[in-house]
């Protein structure tokens, strides 16, 4: 597979839930479709029809799995939860596709999860020793077993007891026969919003999932909040000790869709402001500002507007690169990036070009893009990055390479400049990023966001990782389907 | 689907295991292929390579799932167990395909099961109340949870503790990291044999699975025996109080392959003897003895030989009826049976025909076969059945219709004769059947076989059934894949 | 693929046509299903609805392609022709699937063909030189181009002109907007019968295709006859000079279905008579007569009946060997034949066995069968073959190996006996075969049948072959789909 | 399927050829991939290896069909031609996929075609009457039959004779055993360029296909030129009387890729100039210029730059809408457009918005886009279209609706404004368009381009259309595969 995004961090999940709507499965499918950028490898929906749960899951995208009326019709009921995923923990085999479902003593229970439990492996080992049988390698199943074996009576008490034992970053949507429950971890690292459509409550990772179904945005679920939706409305429970929010700043930089708003801040606008700040911090004389499509576009517009240099689509993205194209020959491998992007030769020839991108991870694609731009005749190429250098891995639900593979963890700025082959290279500063987002510098005592991938300041304990006993594989079973 | 066998009882499973052979997965695939008549809806193999378990499962036949070298190569290891199945309990969705596997506290554990637990549902309810999460609707999973939650130390002690709680008919093959274990229920209702190939022990439902891989038959596993195969050989454990064998007599009549031998008795030969006894009990003047192919052939040969009436293939079976042929039109539905069978017109025209079949369940196919034979010009049609009337449902791992649908449970002989449209109809008597099998009449005090489907004499308690609390469906989840 | 039939000659085609029946496509599908033994690699149906032709073709069996009501419904119209095929001439790619269709100057024209033109390649070269464009590698297309470029007016005159130029063995069914036409070559080498159903005329390769749809057999189409079916009934044209019939005797021996009758002679009965004659010609003292299933069964019944030796199913055929099973491992390749057949050990052990088969081509399978029977404990194995030695290739529409690969063309009887590993080997004599079929020895001046595969006496000129300019490949195009 | 592009004209084809390059098939696949915007329904490649032609064709995109190394390896040889297509003439069944191939008297001949013969149907009828058999419904096959039946000797003379008979707009690439031939129709309506890679000549519809493989652009093939590429180089033949070029202006407006250059004019730059001219012709006070993505982006950048109004991505395109998504429910059908586009709410709320699009065909999508923008809170919506009103159908190889469905053919500007629901609506004028392209107004005597879709001035005779005898369907055969 040839994928430019192969050199981006990958968010692992998007989640969606809707309660008491006559057309729940269709709306869940639409909502998940709008969250497709958060995970394209697998998807699932579970509904409840008052008597029975119905599930459909599959590898691939939402449209491939929920595009037929037959499938939607089979997902009967007025409540639904759904999930799209990449595969940070757990290989992508069919039974690792969420939402997970279990018949528990109190009835059916199903969960969709975005994030990562940093003590998931230790919890799993304890549960297996008690006689629990795991069927997936996902830490979502840890939560279900904790709920199943809880000594509490009600499902809410069981969930609270279960989550007390969990350490990590998570946004969850759970569904029982009569409840829809949304939870964010105490620091609120991953997003979750509440909306309403025709009187039916909706939970979703991002506001774009509300927009697509025509729902109104009500509010973001608070860090540490458990929102319990039932036929009598929404009830908020705050089982954890209050803590200051540390929302993932990379959601603003790259993960979230530009048309979403998080905590009231429009993502597209945030990116433009970051681009403008970058133009102030790292100006350079040039003829054109060219975004690396598509994620670099808003920052490039901001940069161009602030610098008064013309914004041009100097790189064209090919929309027809599906997931199946394999580079057709060894001899032409170096042409790979051109399957997905092409240089707009007449706009680049003889020009001094400022390339704007949101981030650099391994640097592999950046190098090829720059080479392509030079081949098209650019006289100078200046790279501007709308985030600080990515030096640390994420353990909170984002798939980043090991530090060994992160360009900025291994080279200094001058070395990176040469590696990528540009005339100049600049990243926005950490304080510049915070100013663009909040108007203030980063608070070193109470940072306003989680920025561990830039700073190495991990706000949640990395329990399994620090104990060093993470296994190569969670299950003894290597399964083919 | 058009299937003549639709009107036969259906055995639900065949099982196979091999220990310490360099080519275990390939031999398991071959063994299962020879047991394909015991289940065609799904199949699976689990192997162990000394470190890790490998599994491959799929819907459909053995050749469809294990026909490629890639799949066989991926099933690394020197031990393997496998399964073919119909679907008595549990709908056929992929995760209901055996062998089941679980990571337990002591390591990996995998089980393949032929039979039915008559208290499976009650056990399941107790386990769910303890916090166990079920992922299938099969009672095989009940056994695994009993082993997982057992307070015993060794896997053997855990299995014994688990099986003490189980009531039912079962032959099991289990595999751990260093053991292969074969068990038959205390009455030995379902078959299981032990063989040896190049020093490697083999367990299988029938001897035909030994023949195909070139293994030597050693002996049948005893009723109530647990045979534990390890690197130090076979060790027999007899955890249950001794009881007299009640092997399923229908295995001889229909289920087992004609080239298998059970307890030293060749199945083909048993069927011929039954046919000969039937000829003595219910003679009739006629021109030809015609088997209903293919299951009626051995009994027809026995009948023809005893009666000195010519044996002829008056009905030809079409070998090209796959599972995909749908009757192509409403108007020609009555021709359905002809997709699978055709009358050999020149051998039937003007003849007095004795049709020999092994059993009648609903009678639907018999009626159509007789009509086809008459259409071809037979002057008389006499039906002879090589088993007593099937009046009762089986609860021991065989898929029979409810009594309401059993022809012999609802009509007397004369009514059946008219319903099927024959000039005469006779079944072998119960004592005749036993004489053909054993040389003696049926012992009313200690019957030599389980014949509950004919007699209603159920040798194992029907716990769930008698308690009347069997649910319409075991799981709250209706899943699509 | 493991296929026992791999060592049989393969007929290349079955054809079917029906005129003016409201349910034509469904009946064509049924008829083709009953002709499936004549070709399993591809199938097609073309219908005409009074205005337009409709076609559906596909690789694989009839049920796989015509099993859904949707497909049948799409084949609108009251006339239909259909085809099943092996691939003697022309690789099996989709566009080589018959019936072929063409829009000609007079309207649509579609043809299904069983046989082989022995001057097909020369005709093709001439046509290409005239500017004709071929889209298949089948000689059926030669016929269509001859009709298309004919200077005659009516389609009948065009067909007659076309067939005058063709040399070979063929049975054709053609369809135009208002006609259904059946033709046999002047010697009538390949079969074609006429039947009637509800007043609608039916053409088919064998009577079993009439039986399955409930049609009445009327008569065999005569050698050299062109039967033109229109709304005014059947009109016979005999464009060729009268010749004596030379019907393919191998159709009786192996190709035709046992329940078919050809020229009024039941195929099953013919095979029994051949078996009986063989028992008279080549008797041997033994305990059991065992057929090689399934094709050897009728001859074995005849042999057993004549010899008074017990007929037993000593070899069991496994019905679950689909087309997908690949021998799962190199090490166990010699077990290959056991995927399809198994020895009925208890019926063979210690017995003197007469194995009866219809023919031997390469001898590969026979060798393995004999080895399997010996492994099962047979004390003696005597092979009896219900046809003369197959020493010559067929050029009349049957796929036989080159002479180099025919066992009987390369070894004498004693050598064959040793090669196959039997205690004795006997073939029926040529005269014995003719006596069983006709009551008379073979007429050396006017042989009653085509027996070229035994005698080398080819009744139709082998034009392309004798000219020696047959190309390795007919088309310059190697196509993938 | 939900497709925004459903409301755009659709170009029907892209073509590619390469001569004497060791890696011809891989380069053809890459070249076609870059031409994917010209046709996504089917694709094919034919190669020649000095002895034999190799073909692979399939429905779907290039990556789906040519993404595997196996397929590329099977396409042996140093010359290749390829094709991507929509389906203007001829339904999309597999055998309508180009390049077409035929074995002709002089050897193999294969053709890929972009355009439409306006007398194709009349030619076809004549050819059928001469005995030619057509296998597709494409006029490309007409050309092949004209070549096949030509009385000329050489393939070049045959092609010239054939093209003399053809009327229409076409760019062709043909390949024989030793030649690669590119032809444009006398007016040069459709594009074709010549390039060179490592000494190997390349022909392609657009320069972007040269860029992706790293080939250098040499020149555009001239209107009426036949470029014959052989081992001795390129030889130009001009068989037609000289005429003034009438290249399709819509290629600049919408069809061609923005990074291509046609006749030396960069497409992206042309679109920006058109946008700027539009801003001059139809200014309006507003807060933001928002392109309808993606085709409206360059014109919007030009409009924003000229008008000094901020360019913003107010509409976000969802990249994950594959071809399989079906709107999941009746109730939410009006949300359809949101599967593909979403409003960037925070950039639109309270703003006066100028929407820039390249063209309006039926107007269906425009209406929904405007509604979505208003729902997001825009205070005013002004639509600016970077082409004159589309009032006439194209008959030169572009799939446009019948005039009855063209918005601008049925409504005046005021009516369109109301229908689409905008506050103001303006199209660029015809002269404005020509000025942006050439610096001059349109010449009424010798127009510089073909603009028939705007002007109704058809420069090539519409022979079949004017004769009125175009059939509803070309073939009598309705085929399923």
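Chains here go by letter, A, B, C and D, matching the order in which they are written, and residues are numbered from 1 within each.
The definition used in the following text is that a contact is a pair of C-beta atoms (placed from the backbone, for glycine too) under 8 Å apart; a residue touches a chain by one contact, two chains touch by 3 or more.
Just so it is clear, the structure is predicted and the values come from calculations on it, not from any experiment.
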Subject >> For subunit B and subunit C, chains touching each >> reply: none
Original post:
What is the chain whose Cα centre is as far as it gets from that of subunit C?
Top reply: A
Original post:
Taking each chain's centre as the mean position of its Cα atoms, how many Å separate subunit A from subunit C?
Top reply: 62
Original post:
If you average the Cα atoms of subunit A and of subunit B to get two centres, how far apart are those centres in Å?
Top reply: 50
**OP:** Please list all residues of subunit A that touch 2 or more other chains.
**Re:** none
Subject >> All pairs of touching chains, each written as two labels joined by a dash >> reply: A-B, A-D, B-C, C-D
Original post:
Can you list the residues on subunit C that touch subunit D in the complex?
Top reply: 46, 52-58, 71, 74, 94-95, 101-105, 107-108, 128-129, 131-135, 144-145, 148-150, 473, 475-481
**OP:** Using the touch definition up top, name the residues of subunit C that touch subunit B in the complex.
**Re:** 23, 25-27, 29-30, 33-34, 36-37, 40, 61-64, 66-69, 72, 208, 211-214, 257-259, 261, 266, 268-269, 294, 297-298, 301, 305, 310-313, 316, 318-322, 324-326, 328-329, 331-332, 335, 338-339, 342-347
